[in-house]
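Okay, so chain A shows up in both of these, paired with chain B first and chain C after.
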Partner chain A sequence: MKNKIDKLKYGFSKEGLQNFDIFDFLYKYGTLLVTLIAIVFFSMKLEFFFNILNIMNILRSIAIVSLMAIGITISLTVDGFDLSVGAVAGFAAVIAAKFMVVWEFGTVPSIIVPLAAGVLIGGINAFLIVKIKIKDMLTTLSMMFIITGVLITFTGGSSIYNYMPLPNNGGIAPGLMNDAFLFLGQGKLFGVPFPVFIMMFAVIVVHIFLTRTKYGRYLYMTGGNKEAAMLSGIPVNKYKVLAYMLSGFFAALAGVVLASRLGSGEVNAGGPYLMDSVAAAYIGFSVLGAGKPNVFGTIVGSILMGVLLNGLIMMDFPYYSQDIIKGLVLVLALGLTHYKKRG
Partner chain B sequence: MKKLFVLLTSLVLMLTLAGCTNDDAEVIADDDPVVVEGIPEALQGKTIKIALIKQWGTGTHMVTHINGVRAEADRYGIELSVVDANHDLQKMSEGISTAVASGVDAILISHGKSDALEAAVIEALEAGIPVIAFDVDFDIDESIANGKLVSLDQNDLMMGLMAFSKMVEEVDGSGDIIYNRLAGITPTDKRHRIWEGAIVPTYPGMNVVATIDQGTDGAMGKAQTAMEAALIAQSSVDAVFAVWDEYAKGFYNAIVASERAIPMYSIDISDQDLAMMQARPDIWRASAAVDPTVVGQVQIRLALLALAGEDIPRYYSLQPVLVFVDDLPLLEEKQVSMADLADYYDGWGSTTEFLTEWMLAIEESLNQ
Partner chain C sequence: MSSKLVMKNISMEFPGVKALKNVDFSVNDGEVHALIGANGAGKSTLMKILGGVNKGFTGEIFIGDKKLEICNPHDAKKEGIVVVYQEVDTALISNLSVAENIMLDYIVNDQKNVFMDWKKIRKEAKEIIVKLGLDIDVTRLISSLTLSEKQMVLIGRAVFQKAKYLVLDEPTAPLSIEETNRLFKIINTLKESGVSIAFISHRLNEIFAICDRITILRDGELVGEYDLKDLTMSDVVEKMLGRKLENTLPKLDVEIGDVQVEVENFSDGKLVHDVNFNVRKGEIVGLSGLVGAGKTELCRLLFGADKLHSGRILLNGKDVTPSNSAQAVKNKMALVPEERRKDGILVNENIETNLTLTTLEKYCKVSFMNTKEIKQKAKDLIDIVGIKTPSEMQKVANLSGGNQQKVSIGKWILSDADIFIFDEPTKGVDVGSKSDIYLLIGELAKRGKSIIYASCEFSEILGITDRTYVMYDGMISKELETKNTTEEELLYYSTGGVENEK
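On to the complex of A and B.
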């Protein structure tokens, strides 16, 4: 217990410092080590893996997963779990596309409205969890079903794209996804894909928010020990609401970037990213032995996933073999770090 | 406060349920049996119920197919229910069993895997319900099938041949190809067989430098990411093949972003594909396809024929066309949609295959 308190206080355990051993080392650095091994392995195996273009490529490909994983991480800080991020991202993507292509609202509303929708859905999640007291996972699971259903109804199951024919012989969709909007997902700044900037910005802001501000600390306290947090006067319910709204926001941001990257609003395009985001957030627990949700760890987690995916595609692995290797590496990374934790 | 919530929640639930029953009531109200001259006795004076069970129902191609089935069903006053299994074979199999239990007259299937669905399909056939399966083949004994089972496809072998041949022609018989495989799906497996069995032995210069397979779920986004990686790994690529247009869309985006003009050949088409094709005719060169609307039309007609007790084929392949971008007008002249393709290719948009006099008589009677 003392160990645990120390860990909460200092971010590491005092005992661990006194008796250095290999498991302790792995506990802290295991995940980073696995990531590094994966990178070295692919670099030796593949001629084009470790070049700047491909590194940018990997970073771009993880931007969407990372943004969603940041949402999940924030929900984890209050001991919650937001399973609806994939659906919210898909929803935001089709709203953005519909606003742009069918209703011609222009770039700014096409970005702001989906984000607002994400925050709103987060708010509804929080309301159901805090007021009606449905368990987090069940609430967000239900929300996932509802939103996925609503978005397929909203689009009629078909994607939304430039020059699409409108139903009931309404002619061709009048609007276009303009260059400003497409820049979000496809543009480059100083040779770096723009989604990477969005991801980095989100990581830095959320990291500072969670570790350096009162709000962040209160979020962790709400998740760590709700009773204690309540007794020390923290309005835990308000912080839960905040966490879910932020989670919805980042999921929606992921969706907007996704729509821009695909150049169309694909039906339920966010769904397949959910499991990778969950994995990234949980890998994050183990990075540097944090033992709690943290954004730096999450980003390491999604880099690990991105590196594996990219390398395995380059090595011509079909998706089912990719899944096997992804699963094995996850077990390895988490096993290395959690083995010690039992003690 | 709490009581209010409970009250409100129950109210919402009740309204939702009420909404559902209302819908049903409307459908039943539509149902007024008419006796029409010339239509088969078996169909006389009854409202036919047909269930369409799809492995997945999203994406432009699938939606066009559903709309085709629906429009054709409406022509003959058929009550249609659609089950979208959302990529879940178990759900598909349950969908078929549920349809059998709820007493539908005929079952249409689209995609899925024979191993997973065979038991449910046998169940349906044994109950005397015709099964018209699109893009999934069942190896079921004729004693069970009893002339009530059709395996319908878009002639995937031919579509593969058309797309591959165009690719071979345009790269002059040899080149570095990024190939696309989607293992375990009946139609894409058939397309692959032509590549493996016919193209590769005939044109040894066709050199596959990378193969991409990312499954069916969220295919476009995954295909895009995969192609981005493949294009970095391969400095020399002469052509790209996409076995399914959802992949083609993702590949297209990745090729455009790479600022390389690599020609792409694919299978299946939708309005979205046509928009991309016309935007970059140097990239998306051709796609072999059957109009999904036609698939829907033929499925409904085959079901009606089976119900009328007439002979239906055990296997049937629809005639594909190769949509070649050079056949289409420039984007500045005209934005071509799926419906417009009928102007450029015969057999597109609608077909008279399996259309009988008595079907027209039913349609006529409904319009009166």
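On to the complex of A and C.
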């Protein structure tokens, strides 16, 4: 009991302090520490870093990464891996734009249909994995190629935007991305960018889903030990399907927000976010020593990536060097998680 | 109504092997019943039938007068039968908490509410942990627990499932003495609350400490069921082994020289503790002991395959302690590992590649392979070790177990190794190949090599070694002259028997 109180007071128990293990400490708090150090470092170095406008800027930029990373996180809970989220986001963005600008369907269908498409793609992924038994990573990698290819064919490779010229001398596109749609990506509420609210909402809902509902726990059980889960009566395949559908949904949601923010639907818009989201989800493993996919960790991961990216841009780092830093942070996080697992 | 659990006339066949022949087994209300037999006697097979894992057996299972239909683990659980297998990790979900693992059944099957009732789950799991007299924080992840704690969690789960019949399959094999005592306390608590327990163990002293009755199996057949009060340890050993086996193992006459290899204070800090022994030139020294005694771990440790905690090896007085396996080979050591398919050979390569792998450098000129010489050497080796194969280009995967093992040994023959370590070299090998392998090992001894031969087959140890060390619990418990010992004595020391207590 005393240990518990100490734990609340100091963040670790007295007992833990006596046999203090630097590695154990790093394992639990390393990622948070790095995030904090990065923020402090940039704040001291850069005049405008810790500025409310810049903070909003960072938050807005991590919103899309976070949504995609949530998708990956859910796929990771069942011991899967959804690499198609970037392509799905691009797909959703193009569909949303096409529905608004070219086919004039109105705001609601232009949001619902891309989301449904995301869920559908997740379902196809799951079918290939569960029934045909292709490995998760290979399935979703193939899906990534297929979707991107379909999209380029479908759009002719060009993006879809307001007043765009239609092919075959069709004049200009009749529809418009209206203000309601654009609000999703560009609007502000109490001075905070709207995508941040979407992100926060998604984080809270998924966090509660994964930790507080039995369905969330079934996902973890499926991923943790499929055999044991099956023998206790969990329909593991059903939960794998659910995980990939949810993953597709959040990827599509990211795509819709992205289309709204850019004011256009671009084929390759989602791609660049993929690696950042993968990194965020895996960095999440190491946050507070969770050792497994978790949404809170994922958010810390994407904040870390966002802070690094923003700070490095402000310090005039060339974009290719930013990738080096991102890669190193990912290796560090993976190292912390896996080294522990082995030991 | 009696709720005695009875298995009647159980037979089961695996392809080519009759694993169980008309075996009866029963557990009375609230008793701890030991099930014992040598490796391969059919203990685990029998318990897997009871747990619903093994299908396709014949015979009947009753509780009291009620006949049971057990087709899968679920059926068994419904009748209150819970089996805790030796491989605890297969039943636990390692990335979840202790509480969730104990309450798994409730969470999956009985919890009506969509939202997890964490308070209830943690409280009830805590109650079970306390009831078992344990101190494990129920919010900890399974992955952070020790092996014995994991076992306790599984027993906790059984308690939660209101198990009426609990089967513990060699639960003490990986446990320390302290942990074993704690387990025994728990077993006694459960017994008092009316749980019937079937207890499998190789360790006789444990069986005498906590069991009431005993069922002995030998080669898939029932030897008998006895009251433990009426038996002594040596009675049990005798019944387990049946009559003394004839010694039909070929042994070459080899002149034994001076001490060539000395192993001092070897420990890995986990499963091998403070091992000291020596091997003379041309001597075959046995490492005897039961499965899980630490023989394999010691062999790997000697060869530098695992991390050494302390200790050193001297070869003719020179320190040759390897820090990795490559160095071990350089320091004139050779290991024929237990898991031959996994560690000993490249199954998807041909015989030639496998046989010349360890000595490849000898047939190379400036890093280019002399393919002609390699082929010739491979052909010679096939003759020497007696591999039955149409050609040296045959894929090793297509050979029989015995011939694969010959490949695994053959690759060391041409090396200059002085220390040969064999870890269960005849496991899964047919009788004919077995004697070939014994002769091969004898040949190596004749050439003045020092041989370390680890095996859990006592007849083998008696047949081919000159001296043997008995391992128990990661330590060497006894050194015996093979000439002057018996299978009974080996088993006695392997099961934790202590001198002057016989």
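Everything below uses one rule, namely that the second predicted complex is superposed on the first by the 310 of 343 C-alpha atoms of A that agree within 3 Å, B and C clash if a C-alpha of one lies under 4 Å from a C-alpha of the other, contacts with A are read in each partner's own complex, and residues count from 1 in each chain.
Just so it is clear, a residue touches a chain if its C-beta (ideal position, glycine included) is under 8 Å from a C-beta of that chain, and two chains touch if they have at least 3 such contacts.
What you are looking at is a predicted structure, and each value in this text was computed from that prediction instead of being measured.
Novice: Should chain B and chain C be called a clash or a fit once both complexes are overlaid on chain A?
Specialist: fit
Novice: May I ask for the angle at the C-alpha centre of chain A between those of chain B and chain C, rounded to a multiple of 10 degrees?
Specialist: Apex at chain A; the opening toward chain B and chain C is 120 degrees.
Novice: Is A:N162 in contact with chain B, with chain C, with both, or with neither (first, second, both, neither)?
Specialist: first
Novice: Does chain B (first) or chain C (second) touch A:G263, or do both, or does neither?
Specialist: It touches chain B, and chain C stays clear.
Novice: For A:A228, select first, second, both or neither according to whether it touches chain B, chain C, the two together, or no partner.
Specialist: Touch partner of A:A228: chain C, not chain B.
Novice: A:N178 in the overlay: touching chain B, chain C, both, or neither? Say first, second, both or neither.
Specialist: Neither partner.
Novice: Looking at chain A, does chain C or chain B touch more of its residues?
Specialist: Result: the larger residue contact count on chain A belongs to B.
Novice: Counting only touches as set out at the top, which of chain B and chain C does A:Q186 meet: first, second, both, neither?
Specialist: A:Q186 contacts chain B only, not chain C.
Novice: After overlaying the two complexes, what is the shortest C-alpha distance between chain B and chain C, in Å?
Specialist: So the smallest C-alpha gap separating chain B from chain C comes to 25 Å.
Novice: Could you tell me which stretches of chain A are touched by chain B in one complex and by chain C in the other?
Specialist: none
Novice: Please output the residues of chain B touching chain A within their complex, sorted ascending.
Specialist: The contact residues of chain B facing chain A are 5, 57-60, 62-63, 66, 84, 181, 183, 210-215, 217-218, 220-222, 224-226, 228-230, 232-233, 235, 249-250, 253, 257, 271-272, 275, 335, 337-339.
Novice: Under the touch definition given earlier, write down the residues of chain C that touch chain A in their complex.
Specialist: Contact set of chain C toward chain A: 73-74, 89-96, 100, 104-105, 107-109, 111, 113-116, 118, 141, 143.
Novice: How about chain A: which of its residues touch chain B in the complex?
Specialist: Those residues of chain A that touch chain B are 46-49, 51, 53-54, 57, 60-61, 131-132, 152, 156-159, 161-165, 172, 186, 258, 261-264, 266-269, 271-273, 309-310, 313-314, 316, 318-320.
Novice: Once bound in the complex, which stretches of chain A touch chain C?
Specialist: 211-218, 220-221, 223-225, 227-229, 231-234, 291-292, 341
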